[in-house]
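See the structures that follow.
Each of the next two complexes has subunit A plus one more chain, namely subunit B in the first and subunit C in the second.
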Partner chain A sequence: MNDQTISFATIIQEDFEQILSAWLRNQAIEGVKRTDLVSPRETEAQSRELLAALSRALKTAGIGDDFNFSNPAWDPVREALEQITDSRTQRGVSPTEMFWFIASIKQGIFERLKNTVPDNSNHLIDEVWNATRLINQLALYAIDTFVQKREAIIERQQSEMTEVSAPVVKVWDRIVTVPLLGTLDSFRAQTVMENLLEAIVQREAQVAIIDITGVATVDTMVAQHLLKTAAAVRLMGADCVICGISPKIAQTIVHLGVDLPNVTTRADLQSGLAYAYERIGLRVVAMKD
Partner chain B sequence: MTLARSSDIVFARETAMKAMAKIGASAVKRTKFVTAVSEIARNAIIYGGGGAISFRIEGVAPTIRVVAECKDGGPGIADMDLALKDGYTTGSGLGLGLSGARRLVDRFNIVSSSKTGTTVTLESYAR
Partner chain C sequence: MESHSTSGGSPIVTITGCVIVAIRDDLDDRSVMVLQDHLVDEIARTGATGVIIDISSLEIVDTFAGRMLGAMAEMSKMLNARTIVVGMRPAVAMTLVELGMTLQGVETALNADRAMALIKAGR
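Then we have the complex of A and B:
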């Protein structure tokens, strides 16, 4: 065989089994096989699948100057990578281990190139470079896949949080309350207001209690959202009481210079509830024995 | 840390809270400082088009303090006196962020120019 025709592509195709077993060996040497999380059989199947996809893609896709990993010819390789990354990282394989898992293909290929291409050959260096570029791309793609999955999870959790963080509760006839927790950004404030106004109509509420005990920071934006919500509640003919204002929050609001005119506030939920009972003409009395 | 999205403000607040806890600040001091950071960070995002905020601890007890430096790359503040006036805003807020933040901390400094953007420094002692 002419050394110019020996490329890492032909090596993968012709010495498939050898490259595969060298890769599996290297995974173990690099300590990224994680037999505690993924069975050796599964790892072998995954490796075989990826290497086979790679071997097939190399028949048509360019790896020289025209190399472009987003080319459709690489679709099956990307797909295989996504599946393997997903399966492994879900079981607790770290992104670093995932990177080395892929990158450890190189050694077997380099070894094979070294043994087949004559010494001091520029061709050898070219082929090493081509292989490095492609395999680095694969490893980075695995990391990208991992990050994207994580981001999707975070996004989903964020929307779940928004959903659950503004439950409007009917505490008594004509009294509704919404306990606020965490951060009150513009989006959540809007959700809270909508839910609360909707509940006032549905439950025919006369008093709305907004409990901010769980809100860590009341800055001017949060204050503005609270003022707007209270104003909207009043426009609907109901009373609004904001409770759960701790001493530190009270002092902060005063220093900020935020004025809360026409807004009823109470220190805690109990006082807020007492106010609400009073507004609807109820009184809590001790039972006589 | 970078300030680009509103979720970055949450992270800035958490970092401010941790720094204040580290110097053993009282609950009121912590809340005040964190609120001031929240205002300044939001300003950097809304009016400064994004920026960065850093925190450091300076000095030793009893003058140990947390220093926050918030830089943006915005157009700067044309009239500083007006910007620091209660109730003045070019946006849709209450107009209390900057002036309120100044009242919430022990030391407040603001430098602004149309070329370099705006830098706000906030300092708070432990008590």
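Then we have the complex of A and C:
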């Protein structure tokens, strides 16, 4: 075998076992093996699987100037990477550790290249560059996968939160209330409005109480959403009262110059409820003893 | 005292001094004019003191429909009849609010039953 044909691809194929064991050794040296989270046998299986996929892909896919990681030839490698990233990150492996887990493959390959390619060879540098380029791509892809998984989790949690955070409660015949918590963005405001209007129809409510005690801050956007909701409730033929307006929020609303015309407001839920009772013609009286 | 007529497909009924109109969802400019004509005629003829406009079959609204409701309420008021719009769907309410048409000056109630009670109570 002359030195021009020795490439990083042939090394992976021919010295598979040596490179694999060098990689596993390096993982331990870099401290990214995380034996507390992933068993050594599993790590070896994952490393072997990835290296085997890499070796197979290198037979067909180019790694020279025509290198393109989105090429279908790399599909099995990407799949293996996704699986490994998924299983490792679910157990709490950090992105840095994930990066080093992939990057530590380099040293074993470079070591083999150094021993097989003659000194002072430009060919050696080219091969080191090709290998670096490919392995960096692998590591970045692993990080990308990691971020995507995280984002999917965040998205799921957000939708779950939106669902549970706007429950419309019937407090009395013809009175419904929706307690708002946290921040009120456009998306949530829309959900709240939909839920509230549906509840008014279903429960034949005459008064809707919007309790904003749990809303952290009221800015012009939030005030706008509240106004719209109140207007929509009125169009449905029910009365709307916004309660839970703290002294601080009352100040903010006035300072912002937000006008709340034709909207009934009350300081707390109790006075909101009292207003609702009055609207439907009920009165709370003390029991005679 | 009960009378019945239709205009542009939307039935107009008068029950105990209260004119009830059920709006159909396929109204165009011309049938709205016809409907308004019939409505004011009916109010004048029966001397009704209340008008209930049922829009529960309206699934889609635009500024045109919103203006039509406002105009009908205004006309009835001139003839000394109190107008209450009933049966608005949640989606319709949300659309009107987004369009900035909050129908100020038009009374609303959840259903015709409630509206009737409101008119009878005279409050």
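The rule is simple: the second predicted complex is superposed on the first by the 288 of 289 C-alpha atoms of A that agree within 3 Å, B and C clash if a C-alpha of one lies under 4 Å from a C-alpha of the other, contacts with A are read in each partner's own complex, and residues count from 1 in each chain.
Everything below uses one rule, namely that a contact is a pair of C-beta atoms (placed from the backbone, for glycine too) under 8 Å apart; a residue touches a chain by one contact, two chains touch by 3 or more.
Quantities reported herein were computed from a predicted structural model and do not represent experimental measurements.
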When subunit B and subunit C are modelled together on subunit A, clash or fit: fit
Subunit B versus subunit C as contact partner of A:T217, first or second or both or neither: first
Angle, in degrees and to the nearest 10, that opens at subunit A between the C-alpha centres of subunit B and subunit C: 70
First, second, both or neither for A:K248, with subunit B first and subunit C second: first
Partner chain in contact with A:S39 - subunit B first, subunit C second, else both or neither: neither
Which superposed partner A:Q148 touches (first subunit B, second subunit C, both, neither): neither
Which superposed partner A:S186 touches (first subunit B, second subunit C, both, neither): first
Partner chain in contact with A:R234 - subunit B first, subunit C second, else both or neither: second
Overlay on chain A, subunit C to subunit B nearest C-alpha distance, Å: 9
Overlap of subunit C and subunit B interfaces on subunit A (superposed complexes): none
Residues of subunit B that touch subunit A when the two form their complex: 6, 10, 13, 27-28, 30-32, 34-35, 38-39, 42, 86, 93-94, 96-97, 99-101, 103-104
Touch list for subunit A against partner subunit B, complex: 183, 185-186, 216-221, 223-224, 247-249, 251-252, 255-258
Parts of subunit A lying in touch with subunit C, wherever the complex brings them together: 193-194, 197-198, 200-201, 204-206, 228, 231-238, 262
Interfacial residue positions of subunit C with respect to subunit A in the complex: 84-86, 88-90, 92-94, 96-98, 102-104, 108-111, 114-115
